[in-house]
Amino acid sequence: MLDLIWLIPLIPLTGVLINGFFGRRMPLKTVGVIACATVLIAFLLSVGAVVQLAGSEPNPDGLRIHELSLGDWMPLDAVSVPWEFSLDPLGSVLLLVVTGVGFLIHVYSIGYMAHEKDYARFFTYLNLFMGMMLTLVLAGNMMVMFVGWEGVGLCSYLLIGFYYDKPFDLRTGLTCADAGRKAFITNRIGDFAFLIGVLYLAINFGTLTFSEISERVAHAGPGAHGLLVGVGILLFLGACGKSAQIPLYVWLPDAMAGPTPVSALIHAATMVTAGVYMVARMSALYAQAPEAMAVIAAVGALTAIFAAIMGTAATDIKKVLAYSTVSQLGYMFAACGVGAYVAGIFHLMTHAFFKALLFLGAGSVIHGMNGEQDIRKMGGLKKKMPRTYWTFLVATLAIAGIPGLAGFFSKDEILWGAWSSGNKIVWLTLAAAAGVTAFYMFRLVYLTFWGTFRGGDEAESKVHESNSLMTVPLMVLAVLAAVGGWIGIPKLLTFGKDINLFHHWLAPAISLPHGDGHGVEASHSAGLEFGLMAVAVGIAVFGILLALHVYKSSTLPQKIADTLGPVYKLVRNLFWVDELYKFAILKPFYAACRGFRWVDIHVVDGLVNGTRNATLGLSYISNLHDRIVVDGLVNLTGWVTTWLHRMLSRVQTGMIQTYLSVMLLGVFILIAYYTLAG
Amino acid sequence: MLTPTHVMIFSLVLFGVGVFGVLTRRNIIIVLMSLELILNAANLNFVAFSWAHPSIHGQVFALFVICVAAGEVAVGLAILITLFRNRNSVNIDEFHLMKG
Amino acid sequence: MTEVSLPLFLVFAAVGVFGAVMMVTRTQPVHSALYLVLTLFSVAAIYVLLHAEFLAVVQILVYAGGIMVLFLFVIFLVRPPVPGEARWHGGRHVLLSAGLAVILACALGWHFLESAPAAAGNPSALLEGGNMEQVSMTLFRYYILPFETVSILLLVSMIGAIALARKGEGV
Amino acid sequence: MNPFGDQLLNVITFVPLAGALVLLLLPKEKNELVARLATVFAGLGVLVSLPLWFAWQSAPTDGHGFRFVFESNWIPSIGAKYIVGVDGISMLLVLLTTIMGLIAILSSWTAIQTRVKGFYVFMLILQTGMIGVFVSLDMFLFYIFWEVMLVPMYFIIGIWGGKRKLYAAIKFFLYTLFGSVLMLLGIIALYFYHEKVTGMFTFDIRYLQAMGAWSGWFDLQCWIWLAFFLGFAIKVPMFPFHTWLPDAHVEAPTAGSVILAAVLLKMGTYGFVRFSLPMMPEATKHYLPYALTLCVIGIIYGAMVAMVQKDWKKLVAYSSVSHLGFCMIGIFALTADGITGGVLQMLNHGLATGALFLIVGLVYERRHTREISEYGGLWKVMPVFAVLFMIMMLSSIGMPGIPGNGFIGEFTILMGVFALPQKFWAVLAATGIVLGAAYMLWLYQRTMFGELSNEKNKNLKDLNFREIATLVPLVILSFWIGLYPKPFFNILAEPVNKLVAQVEQTWQYPDKVGKLAGDDVLVRLDELEEAMPEEGNEVH
């Protein structure tokens, strides 16, 4: 089955073909079933492949990896790029998450999209996304990964713009199509850097296959250090685009323009984590470039706190979750940056569970509210939508880091990793972000499910719980969000027994900086670790209590907002980053474009037309010259000739003998001349 | 003693008379005859030099001249007959269509 | 022979000049033609003196016998001149023409007489094997192409003459 | 495999011309028959060109890498011969030409309603001219085909064009003629210099390419290179010689635009590959920084100007400027990857931009306007059209995998350019990828997305079978090149490696060149003799 891993991406793509060609003529149910079935098959294949991988013999480095080449794709001179797929522990985690969560979301979508006209189009895109995401995960080299990388970007673009004729954000005037384009272009900017990094790698190491890169980078020697740092940062910039990190995070909040299952699948669970996955994949490279890792840690931590703060003021249920996603992605990057890759990937997995659940829950709320997304118009939905509420609450507790739930284990591992790597500032930032996260998540829960309904009676009467096609996936995900963390339980909590399956499974796929003893494994003292864990939980609980306290009162939030004044305004307007980009980059860019167009018409083409006009002018002058000077000369010749003719025609008597006389006279003159001349 | 100079002088006289006739007579027939005179003058010179050098080539040339003269006379006279038929005259000054 | 020839030459020359002058000055073309024949005969005689016997014979046969007969035919074909009709162009023209003829002849004489060979060479070269044979050998050895050309020329003039003189349309 | 033997290229070249002659015999008013018959002949052209691909591996080469060579005396007094032959580069371009020619003719069935017969006759003559340019191995013959091509295109724009057709046609004609006259000067200079050194008057490209190995004619080489450069750069078109292109594209009928974009623009790039680089490598290297600068400016500038166009066709035209800048920068990288990528990108651009012009043509036929603001929300009424447009747009912006051909070209080019010691060329060129996505998506959004607000668009018909049939081959080819480009790489490897070797022959001796400059006589006689083919080509 391991040799069939290339089939895993292809199966959803067959779904694309079937639904793409015939979807409009098929019954809705068939479309949905085909779409889900392909993903399910992919999931089963994945499980089989992972099981087989687990049972295979590890290579001398202790790594279980299966590589597969389907033949040449781009046999270039500098580097030959085959169609390569590979499966290793790192990929297997993603593989299972993507297919598993993906399948649940597909099922959910059947219910969620039931009323949509473009049902087939939606599932076509969704299947295409699955195919591309699985290509990305299973890629054996950077270019195959890039196919998936760009492909998921494309699907993201298409799905964000799914309601291509609808407006999205009235404040900024953005339409759904605009949001999709924004996502794509922002991603492209990241990809630009990514591609440059790939070029550097290819030129300097002559390969793009992950395993070979790891090997050659490890033996690159100190001369390549600067290069590796540069490449590391360039690749990370690509990851920034895909995973919505500062400075390229701006597209993700707007990506909420897409249907909610899309937000859950693409913009929470899978695609946005591709950047983290890529960084983890390149861990061998980053091991040689600690400076690049420092950059990653810094950016990740900064994004985590920054996005979390923005999440506190958002009023759109999905946007809150979007900022939360950005923030959590920051966590993962920070983990990678401090060398706690396993923790990062662990968090990636748990985050996929609880964030998908949150989004799907939000989708259920929106569905039940008949499209309303503003949390200020919700409240008290606990009773109306109990299943949604309870699952949502589990996810909220998980993301807040309440012990026992999935998010707790992963978040704690990251924090411990940050502390033990010596990056105390990173730890502090992440811990603060955890508190803010707890605050805005409970703010969300409070405003949505607790308290009283604020949307008016008429709207209230229409609120309804979603059908089981939607709630069953919620429940499955809730279970995962609750217990999914236990496979990565730290040694500390198992009384010294090392049953951290996740860590054992993943660690061989990761390379850490040499002589760097501060990986997650190196625990200085159990007491310190336990203390830090307690601090983190304490911060989270403080955030929760603060939120409960603030939003219990109906006036306090407004009062706080007034007190904070400009600060609140700043947060409310998302630090004016979009506006900054608009005025600092987009406006000048468009102005330059228009300037170039002006130059093109008036200068470049102007020169051409100027040449034409000059030629025409010269022609006019030359025409005048012709008529006056040249024609004048011709006419003058004519006049002279006429005059001469008049003079000379008198000589022509018509008498042959006269002519003869003259001729003979000429003969005489000639003879005389020759005689005299000698 | 007969020298080429004598012959040349004689031919010059014939030439001069011929030229005079060509230039002055109105009757085309006589003009043509004067032309023959000029040609004979030329032939005399050929023969004289042929005799003086001595070389037979001069005589051959004279022969050619006689042939050309015969052709010329034939055509000239044919033209003359045509002219006469049209104009009923052989006076050269009645044919001045080339007057400018 | 050379001793004898000078007086003979002078006699023939005198006859020739006389005939030429008479030819030019006669009113009636018939008379002119007869005087021309006289001149041609004297020229033929001079040819004989100059060892050009063949040419002399041709002169008589072609000129006196052929060309002159042609002239006479034409003279009889066309209207004879009305008596009293002007023989010449205007008097001034005659004078000018006479002057021109004289100075032209003088110029030619002046130019060429100087360079004329002082005396004849040995004429035996012309006579070896007979003059006629000499002429024909030269003609057919060196001048065969001009010879043929001239025959074409004669043919052409003959056809031309017939075409021109023929009565009828298209002339 | 190849039923025509060594006549194959003659058949390929002159089948369209024969078709034109047959069309001339038809009565004027039978428009439908004319269109169908023209399509049949164009299809026949594709069929006879297929042996190029299928018999490629088995065909023998002539020792210079050319296959299917046919040689015959033509004008012996000046040494001009009728020689045709193809290497991997020109073979692919010939196939592109025949296929795009068929598609262009197929797309004109309903678009052309006036003077139908003349149109198809011109299209077929144009086809012969274009194929002739690619297969000529004699510069004299090449020049003749080069000019032959110009005339039908002039008429196609000038007769069946839009509102400002005369302006555009004359601009096109004069501009390119100006370039080709300079090129002619270059050809003549090469011809005489070759004679001066070897004593042999010849226009045979294979002989003239040996000149690249000579040293000691650097100064002359530079002048000739500049003459060629202007000729080809105008054709490509490279910044700043591009302004004829938007006008010509906008005014030309759809089929004209398709041919113009897909094939005619390739003439310039092909010229660089076939002449400038192998014959004048030293001059190429001398002017390299300037040429690369123009390429980069073209990429960025073309994209930025495209960004703010209001006219659909003009936007695509400017995108051509940008994409051709990409092709050229790859070629001027002078590395194997760069040149391979440049040639591949020529094909990709032909497919993608050809398809984009077809797409504009399809809506233009329905609405008779090219103003982007007139459209919007077309996805609702024309979903099939929208999907095909999407795929070709993705091809144009270099999306890997879907369909991926543009990406293959761009990546290969970037890889080639990146091998240069100065990395900034590649970095600057790569910005084109971002900008390309920006203007193309913006175009797509404005036309396909949004509300279907314009009343006139509400009843637009989706594509019919014939229209789909014009686009689908391009989509399939795009996917093929995008997912399995190996055959193309294999075909290109041989000519490209030969070209790189030719260019690098004197690469090592730049200062030696300087010292020998001005020395007119042959310096490296031994190398010259090796480079010369066995049989002489003396003029009698």
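Lettered A, B, C and D in written order, each chain numbered from 1.
Here, a residue touches a chain if its C-beta (ideal position, glycine included) is under 8 Å from a C-beta of that chain, and two chains touch if they have at least 3 such contacts.
As the structure is a computational prediction, the values presented were derived from the model and not from experiment.
Enquirer: On a C-alpha centroid basis, what's the spacing between subunit A and subunit B, in Å?
Expert: Those two chain centres are 114 Å apart.
Enquirer: Hey, how far is the Cα centre of subunit B from the one of subunit D, in Å?
Expert: The separation of the two C-alpha centroids amounts to 81 Å.
Enquirer: Approximately how many whole Å separate the CA-defined centres of subunit B and subunit C?
Expert: Roughly 6 Å separates the two chain centres.
Enquirer: Take the average of all CA coordinates in subunit A, do the same for subunit C, and state the distance between these two points in whole angstrom.
Expert: So the centre of subunit A lies 119 Å away from the centre of subunit C.
Enquirer: List, in ascending order, every residue of subunit B touching at least 2 other chains.
Expert: 19, 23-24, 93
Enquirer: At least two other chains touched by the same residue of subunit A: list those residues.
Expert: Subunit A, residues with two or more chain partners: 657, 661, 664.
Enquirer: Considering only which chains touch which, label the overall pattern as line, ring, star, complete or other.
Expert: Contact map by chain: other.
Enquirer: If two chains touch, include that pair; go through all of them.
Expert: The complete list of chain pairs in contact reads A-B, A-C, A-D, B-C.
Enquirer: Okay, in this complex, where on subunit B does subunit C touch?
Expert: 1-10, 12-21, 23-27, 29-30, 32-34, 36-37, 40, 43-44, 47-57, 59-60, 62-64, 66-75, 77-82, 84-85, 88-91, 93
Enquirer: Could you please specify the touching residues of subunit C with respect to subunit B in the complex?
Expert: Listed in rising order, the residues of subunit C that touch subunit B are 2-3, 5-6, 9-10, 13, 16-17, 20-21, 23-24, 26, 29, 32-33, 36, 39-40, 43, 46-47, 49-52, 54-55, 58-59, 62-63, 66-67, 70-71, 74-75, 77-79, 81, 85-89, 93-94, 97-98, 100-102, 104-105, 108-109, 112-113, 116-123, 125-126, 131, 134-135, 138-139, 142-143, 146, 150, 153-154, 156-158, 160-165, 167, 171.
Enquirer: Sort out for me which residues of subunit A touch subunit C in the complex.
Expert: Those in contact with subunit C are residues 657, 661, 664-665, 667-668, 671-672, 674-675.
Enquirer: Under the definition above, what is the set of subunit C residues touching subunit A in their complex?
Expert: 89, 96-97, 100, 103-104, 107-108, 110-111
Enquirer: List the residues on subunit D that touch subunit A in their complex, please.
Expert: 171, 174-175, 239-240, 242-244, 301, 304-305, 307-309, 335-337, 340, 377, 379-380, 383, 387, 394, 399-402, 404, 407-408, 411-412, 414-416, 418-419, 426-427, 430-431, 433-434, 437-438, 441-442, 445, 448-452, 483-486, 489-490
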